[in-house]
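First up is the structure itself, then whatever we jot down about it.
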């Protein structure tokens, strides 16, 4: 990243590491080297404490109860929304809690599908799609930002189209300009691919979408944890994120939606706490964000999510980005200099985060992961929920190392050096 | 309940209470009397410990990673599924994790909607509905088991019909026999209403549905926490439950579905971890339960849910049911003997759980709740997400006291005696 | 037992019983229906204007003692105010209610409404106290053609 | 470094390189295609039958060393068995793999497959080792007309 903040000092890094209990684990006889934060991040003590404190003292239903505990729980829950919304540059009524990023994408896709079936009345007319309309995603997408759109197209008769990638996995902007056109109603793409690891040119893609009046959904799963993020400044219409990738527990994510859009979007999940009047004939719905939060919510998880962004803000996202840019550059450079390693994505991009996927010789990624695991080094192997991208790159699986604020340059080196074990076992393959 | 197990002894009850940290809270200057477990239950230390231990030592993505931690996390996650499934009499591949019961109902409704739009191919044909078909729920339902069906009907052109209640809020079985007919495709009803507090005659309703070949969905939110439950013995097709009402954290619930039905049902949420092959043209999906669990799951919450059912099993559901039947009988009897109190539901039903809704004079339920809260007594006030039932009963709001295994007879008495404050402030109203 | 020193001051109970301004009257310049989805409480409120002044507030509703008393004191406080003053008064009242007990209600400006001061310490009840004031705000917008 | 004493025994690496039975041959009584969705590994396996016996196993696939070696040893172990024996052998192998290291593989019955014993201690890799055996099981079902 082209950040100018100072990376973390060794002392700061040591202090941060001490906040993460799992970094003390021993795996296969070795101290854990956790390089799989792109899948899910470790959790600091302050987040787990906040969650537990809430569970032990403020367990109560929110937006439903009138007793003291219920009122306090509701305050905590809404306060958490304010803090997480502010963290990504959104207003509090523009942030909807979901189970994860996947559900957030599905929420938008199903709500559009519902509008297309006539739900939501006149206000939702602008969302209706059908035959002749086009939904655009990219070949780089995680399945979470791909299949929901394919399915929406299949349900509504709209056409699903997609932007190709170059040979190195980066987006082909020339092709984007061809694909995004008059018929395009929505463009969905990721801020940072979970395989290529470089920031996509959001402004260019938003401009293409705006020019044809299409909506933009940004998958911020791999950016929100690692970069300063201002969704309003990015001028996207929707964005999705996962709490568990940014120090929060599993079970919580968020959808950002522009105020005016959420106002007009029909509901997705229906049930309690999202209605005004219910009769046996039908229901009227609350304004957003409540309209999209049916049933008892992930309350202690929301509180913990807020504690997570507090932790990140205390250290500072600029500095975290600087730290990870340095780790990512080291990772990419060292991998690229191994003659038997193929690095996915550009080796010297200034837009790389602390994530790099690679193959070594013709050794299967599973075997690479296993031999690293035997050294206590946790990486992810497989298609990383991006099968089409892997097919495009001509591989079925890669190994992927991904960092976070608690990782050290020494851990990056341990990974690269650890590849010697692969060479030793598999010889020159 | 017609249980023959012995209720809990005072010593056992004291030991149980010591396991729940929140019971030590002071509210408005009084020790907390928590009578709102129908909304959400308190959490025992063992559940919070299990969740935390997992978060501190086994944070990793499940069903995606190959490294040691990921493999261990996957084992824990699937082991949790086995334990919760066994707790409700289901097989492990018949239990799908969801965010809550609301999402579980929506899952079935949307999957049927998807089948009706042609998704799921030939296997899913049996689920297709449209004009002429009927979906049946009851006037007693929680909004979570009502609005999703109204919306499904609206989306597909099917007709939504409903079974009336008697004046006391119990189901009118005569009317059920009229409503359930040839055109009925699905019957949705609650095992125990969260307002009336008595067990519904599941066998009779299932027989009516079976006679016409309709599917049955049981809302077990208010039964699973309190009664021994064997879903296979009840012979329902689907059932939904919420973890947070049965000692588990928020953010997790479950759908039970008969094996053969889940096998044929098309997916609802789509994304990672629920696919076999994905191309830019479309995706193939895994068998259940994975097919219905898109994206990174609520992993630590599943582990905690299993710890919760372990806790319940250690004490024994028969004994918990006996304890709560005693509390419920006392609650109903004492409320019924107050001349200015209107108890909702029958006063002397052998099928009452530890839950009773009521009004006192013409005092608004909010004011009742407030004056109880000032004495540290937490009850729920409002329509309890059952507006149609309240309308049927001729009230807009009621106060509701609901117990769990940690409540004492003295707490029930505190509630009833606490109504004197209402009388003192509002005079004879 | 904090009951008597608590939320339900005698003044509130009186207003809840008497409901000043209750009953709908014709010829309103603006009207608004507000509903609290949590409890189903509702207020339908009409703003009657003469020249630039609030001539009357007529309303109808059902709800808890706090919401009904609040509509009654609203009537007493705002009749006779200029429309601008009404707007300001609504804002002040809302701020006080949302202040969690940190902001007092000025007795000069609010008369009997000071009995509602305690509500601000009960976040779950603030909506009840504000219901009619929100209705008045919307009715004012309509009256002004906004 | 536990590498050398770990999962990748020399025998496994040899089978991974040599892939006994590799290449599809015609005239099979049953066939099955198995895929591991986590990593994309796949095996297409054919069961060739003469009388009541396994005459040959021919296969093709791509995957990690464990899955490829396992298909290779499967070929060596099962050719010549009766169909009933094949069914039993598959079951024994599956049980051993799922035993988390608690159940040994009998060298008499399994020959080179004992090199896969260690896999049962790595739950994430059990699926790799079982991929071709699952394919064999399905192919056997087909061969028997089930």
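Read from first to last, the chains carry the letters A, B, C and D; within each, the first residue is number 1.
We take it that a contact is a pair of C-beta atoms (placed from the backbone, for glycine too) under 8 Å apart; a residue touches a chain by one contact, two chains touch by 3 or more.
These numbers come from a predicted model, not from an experiment.
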| item | value |
| --- | --- |
| Which of B-D and B-C has more C-beta contact pairs | B-C |
| Distance-maximising chain from chain B - centres being C-alpha averages | D |
| Centre-to-centre distance between chain C and chain B (centres being mean Cα positions), rounded to whole Å | 38 |
| Centre distance in Å when chain C and chain D are each reduced to the mean of their C-alpha atoms | 77 |
| CA centroid of chain A to CA centroid of chain B, Å | 31 |
| Cα-centroid distance, chain B relative to chain D, in whole angstrom | 45 |
| Residues within chain A bordering two or more other chains | 28, 64-68, 70, 275, 277, 366, 370, 381-382, 387 |
| In chain C, residues with contacts to at least two other chains | 38-39, 122, 125 |
| Contacting residues of chain A [partner chain B, same complex] | 21-22, 25, 27-28, 32, 34, 36, 39-43, 48, 52, 55-61, 64-70, 99-103, 105-106, 110, 114, 117-119, 139, 142-148, 150-151, 154-155, 162, 242, 244, 249-252, 267, 269-273, 275, 277-283, 294-301, 366, 369-370, 372-373, 377-382, 385, 387-388, 391 |
| For the chain C and chain A complex, residues of the former touching the latter | 35, 37-39, 122-125 |
| Partner chain D, residues of chain A touching it in the complex | 28-29, 363-367, 370-371, 374-375, 381-383, 387, 390, 396-397, 421, 424-426 |
| Residue ranges of chain D in contact with chain A within the complex | 1-4, 6-8, 13, 38-41, 62-66, 122, 125, 128 |
| Chain D partner contacts - residues on chain B that touch it in the complex | 63-68, 70-72, 74-75, 275-277, 286 |
